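To keep things clear, I will list the structure first and then write my remarks on it.
Chain lettering (A, B, C, D and E) follows the sequence in which the chains are written, and residue indices restart at 1 in each chain.
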Amino acid sequence: AEPKTSFKIGWSIYAGWMPWPYAEQAGIVKKWADKYGIEIQIVQVNDYVESVTQYAAGQLDGVTVANMDALTIPAAQGHDTTAIIVGDYSNGNDGVLLKGSDQLSAIKGRQVNLVELSVSHYLLARALEKEGLALTDVRTVNTADADIASAFTSPQVTAAVAWNPQLTTMMQQPDAHLVFSSKDIPGEILDLLVVDTKAVEANPNLGKALAGIWYETLALMEQQNEAGAKARAAMAELAGTTPAMFDSQLATTFLYVDPKAAVEATRSPTLIENMTRVRDFSFAQGLFGQGASSADAIGMAFPGGKTLGDTNNITLRFDDSFMQMAADGAL
Amino acid sequence: MTALLSFKDVWVEYGDKIVLERINLTIEEGAFVSVIGPSGAGKSSLLRLALGQEAPTRGTILLDDIPLAPECGPDRGVVFQHYSVFPHLTALGNVMFGLECAQSPLLAKLTGAARRQAREEAAAMLEEVGLKEAMHSYPAQMSGGMQQRLAIAQALIKRPRILLLDEPFGALDPGIRNDMHQLITRLWTDYKLTVIMVTHDIGEAFKLGTRVLTLDKWRHDPHAPHRYGAKVVYDIPLERNKQESLSQDDATQPLSIVPDDAGITIDRFDNN
Amino acid sequence: MTALLSFKDVWVEYGDKIVLERINLTIEEGAFVSVIGPSGAGKSSLLRLALGQEAPTRGTILLDDIPLAPECGPDRGVVFQHYSVFPHLTALGNVMFGLECAQSPLLAKLTGAARRQAREEAAAMLEEVGLKEAMHSYPAQMSGGMQQRLAIAQALIKRPRILLLDEPFGALDPGIRNDMHQLITRLWTDYKLTVIMVTHDIGEAFKLGTRVLTLDKWRHDPHAPHRYGAKVVYDIPLERNKQESLSQDDATQPLSIVPDDAGITIDRFDNN
Amino acid sequence: MRWVNRHVSRSRSAMMGAIPIVLLVVLYLVIAAERHAANPSDKILPLPGAMVEAMWGLLFVPDQLSGRLLFWADTLASLQRLFLGLGISTLSALLVGLLLGLLPPVRATFGTLVTGIAVIPPIALLPILFIAFGLGETAKVALIVIGIAPFMIRDIAGHVAALPREQILKAQTLGASTWQLMIRVALPQVLPRLIEAVRLSLGPAWVFLISAEAIAADIGLGYRIFLVRRYLAMDVILPYVAWIALLAAVLDMILVWTNRKAFPWAHGGRR
Amino acid sequence: MRWVNRHVSRSRSAMMGAIPIVLLVVLYLVIAAERHAANPSDKILPLPGAMVEAMWGLLFVPDQLSGRLLFWADTLASLQRLFLGLGISTLSALLVGLLLGLLPPVRATFGTLVTGIAVIPPIALLPILFIAFGLGETAKVALIVIGIAPFMIRDIAGHVAALPREQILKAQTLGASTWQLMIRVALPQVLPRLIEAVRLSLGPAWVFLISAEAIAADIGLGYRIFLVRRYLAMDVILPYVAWIALLAAVLDMILVWTNRKAFPWAHGGRR
């Protein structure tokens, strides 16, 4: 059969993913897609969770997602997923906020609003761990990500975990203190572009085109000149915010602008270390689903043939080959 | 003449209240039956049975010797006591409705020549009931008597085999009422209809009917008022009015012998 | 006697259709005015004006020499042509309603002795109209005539100063109708009510009224049927029935001189 | 016999009503089985076995953290919110609806406002709701009330305004004041319609309840659904939705039954 | 004069209707000013100046990339979805409602199903909905339809079933078949109520539209509201909500007007 040539890539609003819609509107997507003889549609899904579940359900061929969610949503469901771009890690884009205290320890016994079972939940667990507390020491209240900013204005809410752009908004509250952030656990919260393994195996041009788009756009937006500023301003507008706000969000996002750095991060053993931590937390929270009997239930593969967990059930793969091509200028 | 409609040991009960009791009645084709009786006796109930609107609690009703389905159809026309017409149609639309249903099974709307003809026919009928000038009025814009006449026109235009009238002329002044008498008698003779008419006007009952039925409670127990239902207590044939004798004659001649009501309304109160 | 209600150059129009035209009328306290006229003449419209349900297009209506507010109150009682009663109340509840409103401003519900008394009064009134046994029935369980009697009982129990009746006895058989005549005449004399009654029964109009009004179009233009409205074409005082003369007398005596309707209903058709 | 006249007895009616539902269930099973034949780990249309398994824990195994049986705790929490919201809405619909429907000046003054509130999607104004009502139970009940009360008010007001003019006039001739008219004529006649309005609002009420629970909650049927939604755990979502539908259907039946029993006059017609 | 009888002329009515709205606006301004006095950077209740500023760009400055005026593009997209959803719902309500209301066997068979669908909160089914209809326009329109059509169907069916029995009988004696009864007696009489039902559904329709746009969209009024909500940009949200309310109110007025003009018989009573 003819390999599939038309693909849908979903994205949702997050500082580290804004290059995608910009590339689409600036014609970069079309340029690369044409080059590789395929069609790529960049689809915005307003709700982050929905974008990932839609990918898991097969409605999208690729999606922008955090490492933990890639593992617990599509991969845990047996949807064989390949991360072809490691775009950035959160370097302060996620944080724990408290009202009335700048000490993390004050969180004990409080009610914490956050998007449950998300990276926020993970961040909270890591924060509590560092403080010698357990998740049972707080009461979590599931709060939708679009509403968490306004929820935090309510006097009833005294602790919350959120990511950007909401986090920036919430920090502007007079009484809010950032007591823990992803800066404290660098590299653990990764923002990826994942695609359906079968799709990219059947048509590697997809991977090539996406890598081409990504690094061209990153290079453009990193320019410290008028063109770069214009690109960033456009992204800010797409994200519904101002250029200044957007820049401040970028500052807490560690973008792997250089493909070489991305390749390096993907190959480094810390990735395996971090993924182990993520998966142990996920398993403890029951995120692998009812069928999973151990943290090893879901297998992961890394560059260089390294694996983690059940090798017979590998559903999440980190593939550095396309980033490598970008680094080599071979696209 | 043959039996068109027959009631065989028919009872109507609401809960433990007996309304009609052991009604045995045969109505011949072409008869004009006037039904009189005190308020609440069950006259309207009897008409509802004949219409097929309600099924009797016990007993059977035969139409052409076939048990009557609890369903009404175009063979029976009706004017209800609370004359109801279609509020969303003008007078003309109300009268044309029957014609349209018959001639246009799919849309019940006529066009072109057929429409013009139906319109003319309906307009003629409206003129006969004195509503020519209110042709384009909606029922809500009409007086009580006008709505009643509209209901009559609507039923008459179909020339149904059996016409069931529940106090059809109650809201009309004597002049118009007289015209209606002429109209109904003419249609009855011309189309050999069978008419059952409930009325409170005993003069009217005797003037128009070939037979006058009186419904009333046959016994009254003051301690258990609902125990006994109404029966046909008088059944007076009036040869004089029969269609044959009328055919050469003028149907609207005033009747000289209108019985006094005293003899007919037996126990006026406590009939409910 | 003094003028209770006066119409001064009153017109009623619906759009460009003139219904009532230049009505000038003075109704004295204690009068019993019968209103007759062809269907669609505007009799109900006249009552609606007196009730305050509608305001005249032109002209003024005075009650006790004060312009009538377009609002009806407990001084005026009414029985509508399409007799309407409260569907959610039993017969008893319907009749008691007026008493409850008067005696219990807050809840319109009575308790204890007051309730028992109101109940008795209402039951007595129901018995007078022959609904004793249907006391606990809802209107939907009553026949047409029973609902009409209920509406009468409901209006009468309040003994309103002015009683407006629109064909109140239309759905009743002659026996019950006669009882109603007695009842209304008794209440009228006992409580010195003023009654305006629309009827189609000319005998009834002359039997009960102290004055008979005939409403009709005064001119008819076949090319512009709506151009002319109805006026009072006859206004016949009947000294004989006046309250003074009745006080010792029996009000229900049959009248010997009932005029033929031919002279009164002038142009029967095309009144609409 | 013409279809309009084909009366269906109550027992047959129940049977016939079950047919399309059974058919839908069968259709689901067939499609689910097919999908599972193609992909045994399909999560979108789970087979009954998976649902039973997933629900078992929620139904009968106490939660580790709280020690509660989650399913029942969810149900209880949601029903409590629902009934509170419905109750407040019904009362205010009755009150405001009567005033609005009966009194032209009140209608003129507040009709536009009620329409305005009715058409403003409350979920768009959540931030303001959070400020006004906080994030606890009040906010959830408030969302239900704001979501359905304006609709119910308008429905009741419309019904009151449509009462036959003759009745209003007649009541006045019988000496009824505006207040008496309201409580003795309009109120009792509007009660059957109020129950009808509650029935019609049940669906929207659940919608707002679930939206509220999706936004911020730690228990409730809607909370659970939105929590497991991210894993596309249809084996939990579908039984939960079915359970909601069942609860709502039972409520609906109770309301229909109440209407028939409580207001004989509205149903004792000639039919 | 008793309050029931105080008729209010149309022009006065418009004036009186404006009063509470003006009062609310004033109340808002006072509270907002107070909050700003306490905290000049308060974002939750922005002052009019901030709103004008925030809206200016959306209203009049073309978007850099797409060249569209975002506000108008949002409005257009949302209205398109709304009208499609309303249209489909109205048509199906008319069709199914007539059948359900008029034919007892159909009611027996499908009544339960419609009730069932009506009480299932479509929000709970969102994941399935997006899977079934994709992330495009279809899913959004479908959510509106699933959200409001069952309600409208039940309302219309109830209204048809409540037509006076006498009319149905009379039509049959005049020779009307079931079909003719449906199109000539029930259909025209139910049309005014259908418009009423559309009016009552406008609010819920907006709710569903906004919910759909909140989850998967890249344009639309709801999308914009949820997009900027991350920044607590009430200076955009409030004007958007006001705009939605205005659009809905205008629609409502058009419907009322249509009802009066198109069905004179339903309003030409004695009143």
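Convention: a contact is a pair of C-beta atoms (placed from the backbone, for glycine too) under 8 Å apart; a residue touches a chain by one contact, two chains touch by 3 or more.
All figures in this text were calculated on a predicted structure; none of them were measured in a lab.
Among the remaining chains, those touching subunit D and also subunit E are A, B, C. Across the structure, the highest number of inter-chain C-beta contacts is found for D-E.
Distance between Cα centroids is largest for the pairing of subunit C with A. Centre to centre, using the average C-alpha position, subunit A and subunit B are separated by 82 Å. Distance between subunit A and subunit C, defined via averaged C-alpha coordinates, is recorded as 83 Å.
Centre-to-centre, using mean CA coordinates, subunit B is 48 Å away from subunit E. One finds 38 Å separating the Cα centroids of subunit A and subunit D. For subunit D, the set of residues touching two or more other chains reads 2, 5, 44, 126-127, 131, 165, 172, 177, 214, 229, 232, 269-270. Subunit B has residues 53, 71, 82, 141 in contact with two or more other chains. Across the assembly, subunit A contributes 53, 57, 147, 149-150, 153 as residues in contact with two or more other chains.
Chain pairs that touch one another: A-D, A-E, B-C, B-D, B-E, C-D, C-E, D-E. Against subunit C, the residues of subunit D that register as touching in their complex are 164-167, 169-177, 179-180, 183-185, 188-189, 263-266, 268-270. Contact residues on subunit A toward subunit D in their complex (touch as defined above): 49, 52-53, 56-57, 69, 72-73, 76-78, 113, 116-118, 136, 139-144, 147, 149-151, 153-157, 287, 289-290.
Taken in their complex, subunit E has these residues touching subunit D: 2-8, 12-13, 16-21, 24, 44-45, 102-113, 115-116, 118-128, 131, 147, 150-151, 154-155, 158, 165, 168, 172, 177-178, 181, 196, 199-200, 202-204, 206-207, 209-211, 214, 222, 225, 229, 232, 234, 237, 240-241, 244-245, 248-249, 252, 269-271.
For subunit C in complex with subunit D, the residues that touch the partner chain are 51, 53, 71-74, 76-78, 80, 82, 84, 86-89, 97-98, 100-102, 105-109, 138-141, 154-155, 158, 160.
Within the complex formed with subunit C, the residues of subunit B that make contact are 14, 36-40, 42-44, 81-82, 130-134, 137, 141-146, 148-149, 166-167, 170-177, 179, 200, 202, 225-226, 261, 265, 268-272.
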